[in-house]
């Protein structure tokens, strides 16, 4: 039998990582990819929040004199055909992309939670109606729905967020509903009932907090896909309009004209999108492993 | 079983009815109709001409009448005429369906034949470098905007071969046929393969924890037998569900891919029709897509019963 | 070398036209593929880039003459011409066509965007099978220009307008084969074309590719002999040249002006000072530099010289407020006007700039907003979907609009009456100035081009000074084809008239 | 002491640990025992004391990570299982050594027919045609007294009741007539009436096949009714071993004693209403932070200083009655 | 005897089995099929039976956590079967429940103190400091330290968790506590602690228990009277001593005989009954036990025996006992 170094094995198992920071560090080590995702996300959130301080130029200010400058010390990522600093635009674009990602996820998530909770908790005809509505929403391809929605609402930041959020609702609601149904059977919910608690209070105090883990996991996974949906909408001409520097539009528009002549216009937004989505997915995966190993998705 | 089928069929009809209402109303909520679009290019709208045209197309009638007109036609197989081309809508839609169907089928095949084995490998080798590598690759698949991936493929093939796979309605050689369908299918399939792989992986990991896997080991079964005969058979269930849901997503992905690769399939056609507010095309096409999606889900449910004997559709 | 018979010209098409009927169409997406199916009475010489009264050539008409104090235009028609379906072409077909355009026939066009062109025409009369006359209310020498436009093909009497939308029948060098929406348009050689030996091409095939990158890549990869005419932006042109160095590319003005429509019916632009200030704040050169790398033209309503026939001479142009070379000086003045109107560094004017959701519209709008910042105007972009754009404009539901105005023929009548006359449908801003309208009529009746030009310049200048519809620039665009494609001329002052392709050929 | 040739299993100083994020779990610590042909050895102890891990160690199925067998030897019919490579071990598993698991609901593959699962067990170790294996499977089902075995063989686990499922598990485990059968709480999930049926069945078959049986349970009643010899485990260690009669007659370890006392016996007539049970105070210690000395000391009424400092050795008190307690001699008197 | 606290009369709970297009009901699970019993003040009634025979359903119905299909539940003489949720609220204080799985019964996201204090807060009985003090007292009563109030459920051992559940049930000072297999998930040595705790609490406070278990031995130790259920019905009720000394129903006998005796000298592992428990969806006609009963007669297949008093409050539902007042079965021990 090979000699076993208990210390090494225990360290690997995380036995020494107890409490606070050590635990976080340990989890980061265990989930290297997830930690990388978290770092990426943090960087993006940070840049989004402090965009005004990080960006060195006004992302909207146009200067024909410096149009299409290659990346240089002055313009780290070059400038676009309007002479706008690409780096500043990407930094500010983080705001837009995160606004779309977080906004639509939060909106779709919130409504989804309410709907899922209600329908799971009340069951009966409310549930039946909800089930059919979500059947309907799910049978329509997401992009088609988003397309029609943006066409209906007109292209603007809030409208794009709404258009992307709506197809999200049934997905979230289904997960929450399934969870609620499972939770409803648990003795601690019955115990709450038996002490005479009102249904609403049970739903909010006992059921909701316990659906949080799957919700967070779902939300991080959706975050990435909403950013991509916005990019696809932009590609089809229905994304977030100028002047907001949305990554999706930056990429899809320059992809057509500047792939070869000014590749930096294509590379950097492309990297930004992929990296953000990648980060969100990595982090989401790790979260799923940590929070809820049985959640599938 | 029979009762179940009837019930499912009934629910499918309810869903389709819901979809017909949703798409019908959505289209009317969207501002502007075909007349506005036609006149837009002219730079002005002549109210009299507009009224005439609306009357001719019947879009001045009350919504109920319009809906009834459409849906009764749809049920009779009379899809009306495209507002734009003025040809029978069916004649516009039908020839495009096989193209998209081929593309979607290939993409699905790609997704399943790559995604499932890689997912199994990644789960079995959980925590190894191989697992990490596969996960990173699959995640990058999920992180690339699909139009971007498509353009990259096109650009690369022009740069490297001076050639590009553009749609060819009558491929002469095997290679042409391959380029026509396989490359775009791979571009869409990559994403859904990544998704399939992830689901397979997590489903496998879950199944590998189960007691009956331990039982199989206790019988002396080899790793391969345990992984593929015992685990995969159980793990495949959620994968099937996701593939069913994928059907709807695939259509969305195809919109972009058909645009990038310039494939005259129904997905891109739908987008164009929405742009033109070509109600007969959009409504009927969406209904057809919905029928496909709903049937796909139905088939998935049936497959469930095949793969999982515990499920008997009696209720 | 010598023109050769044979070969199919493969081109991509930028989008799917609504239908095949040129008379109902209002975009060159229809003209380009279908012009080859038809003939006009007269046509601009297809190999002279600049359309002008001097380049008018007879086509279905063998000759024409003015009579009755220039109020009657008579055409002698060509004999022995056959429609693609074998029926003979006669003067009845011409009458039918124009009756249809003037809304006088039983049959109606679904849309008739150019009805106004024939406002001065009383009646069409035929005299025998091969003579036809236009009776005018007043002399209008420009009528010929309109008749020579690609937009004015002669339709057969015996085919209904509805059928012309799906299966056009003409007398032209190419016969219609099929049009699959969003997919392709196919034309084939008309073997019985009345010009013996023409066309050289066996046919033309258009593949519809809406995605510009894909289309360009396909051209570079040799899938196409030619790009869609004037579809290549200046940045893309560089790209194509780098990848397909052999390709022949030309850049020509498209005679589409990018302009600002101002809602002068409500605040704040009911104030002429603010309108003027806005016009003066424009740095037109910056627009041209950014969007066209310098390759576009600055001018008034009419397409600038030298490609334009009616453009103002440079010195005259620069006397218009806002066209002066010193942008900063202009802006200083503009600021003063703004201050006069009550705005300043502490009190900015918030303005919505509406435009369509297309890059050609959005990009200049973005620059416009940036430039307006310099005179205390905070612009906000309001992007509108195509379907909503004209209804919105018609409702006057905008403050500033960024608009593109395409001119199908380089002719003052077309431009002035359409865009600036009181009550014209395309006069979005409802600019109405009776004085100027009189001047329109004066220039319109002037038969001597050299006398007419100064009249046109004065009108143009006045229109700019009135801030009727400030013109920012006139765009240019590129067209490329493979070296073996011959006999293609891209018109330099219109993008609607040069696609007959009867003597285009392939040197392969 | 014992006749070596008659030994099916000999476990010496088995040590299995888990490396977990809360520390090192010494799930099985220095465990030794033997099983003779045809003998039933019961292992009792509270939840979490290492019974299942012992069983899994014997099968070499301890999940790794986090578990690992870190010491000792397991010799089955003379071969040291711990020295075998994985392929050799597979040949032994299900063949010479088999196991019945606690949860008949989850331990059968839900998507495979019962018959096929038994067939698989047979064909993994015996090179026989499928049809023959199928016959054997039906035969095994008949042996475990499943009515209509041929029909049941074609059914899926969910179509069987709990008792039948457990019987099918037994059929599967015995299909290759193993030398050693491990039954890990085979009846815990079942009702008493069914439990009696299953236990009776296992014992019958064991007698018939001459298999050595390791029966794991926490129910002393079951032990008394089935086993010849008993091992009592506490916190990963064997604290007492004896013949079943000796153990029930005079337990030598205070824990065994407490356990016996705290188990509510079915009252023969005359038990007063609301008889308080004898309880062992305190809780079972965590396997991570075991005290230095005797793990039971904190709960033990007899504990002395020495108990906290030194782990008592297993001492033979005669007749193979082993106990690990400094005060084993006094246990009987004190209680 | 003392006053009757809980009286359940002919309680039925049927769950529908649905199928078909309109989810029409195609069958019924007869989870509880006509159960009557009473619990006196200060008394423990044990309820035993095989898994799935409907014990938990009885417990839930009594607390109105599921709506009974028919029958009557009287608490303190008042019929609570049809009270509205609001009208029921005050009665909730009189009856509480403790579940089998102590871990699942505790919200993993709340501290132990919050869990125990919640009933008080919900009924507005205490708040702030008073609430804390009350919770601390409750903790002491069930043998937990007050400083453990801030811990989360996962930080407790199984026995301790069950104590938290008991403390929560005690908080409202109920008169009846329904214990649905409260010790089945616990270790043997811990099980004794919990049972002793329950006994002690009853002695101090005079609660009544409806004590459910599948383990006869456990029930024997805590109960005054015992009811035996089989497939949704009570087949026998008697005072504990009487029941164990003189089981009259063949099922009770089988049950008793199947319990392995912790005495190696008294081996008796021959199973008394064969076969499996029938499904409650299609319970056998007549006496539900006849499929497994070795005394079964032709009549048993068609006639359903009523629960009849055989004297001394010993009630049995078996045709063999009919009219005689005495068991005709030979005692098995």
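Which chain is which? They are A, B, C, D and E, in the order written, and residues in each are numbered from 1.
Please note the rule applied: a residue touches a chain if its C-beta (ideal position, glycine included) is under 8 Å from a C-beta of that chain, and two chains touch if they have at least 3 such contacts.
Please read these numbers as outputs of a predicted model, since none were measured by experiment.
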{"item": "Fewest touching-chain hops separating chain C from chain D", "value": "2"}
{"item": "Any chain in contact with chain B as well as chain E", "value": "A, D"}
{"item": "More contacts between chains, A-E or A-B", "value": "A-B"}
{"item": "Gap in Å, rounded to a whole number, between the CA centres of chain C and chain B", "value": "41"}
{"item": "Computed distance of Cα centres, chain E from chain D, in Å", "value": "31"}
{"item": "Mean-CA-position distance for chain D and chain B (Å)", "value": "53"}
{"item": "Geometric centre distance via CA averages, chain C-chain A, whole Å", "value": "46"}
{"item": "Residue list for chain C, restricted to those that touch at least two other chains", "value": "211, 213, 243, 385, 388"}
{"item": "Residues of chain C that touch chain B when the two form their complex", "value": "16, 18-19, 25-27, 108, 110-113, 162, 165-166, 179-183, 207, 209-211, 213-215, 217-218, 220-223, 243, 385-391, 394, 405, 425-426, 428"}
{"item": "Residues of chain D touching chain E in the complex", "value": "46-47, 161-164, 191-197, 199-200, 203, 218-227, 244-245, 248, 258-260, 262-271, 273-281, 283-284"}
{"item": "List of chain A residues in touch with chain D within their complex", "value": "1, 4, 6, 9-10, 12-15, 17-18, 26"}
{"item": "Touching residues on chain E, where the partner in the complex is chain A", "value": "60, 63, 65, 88-89, 92-93, 95-97, 99-101, 104-109, 118-119, 122-123, 165, 168, 171-172"}
{"item": "Sites on chain B touched by chain C in the complex", "value": "30-33, 36-46, 49, 52-53, 56, 82, 84-87, 92, 151, 154-155, 157-158, 162-164, 166, 169, 259-262, 264, 268-269, 272, 275-277"}
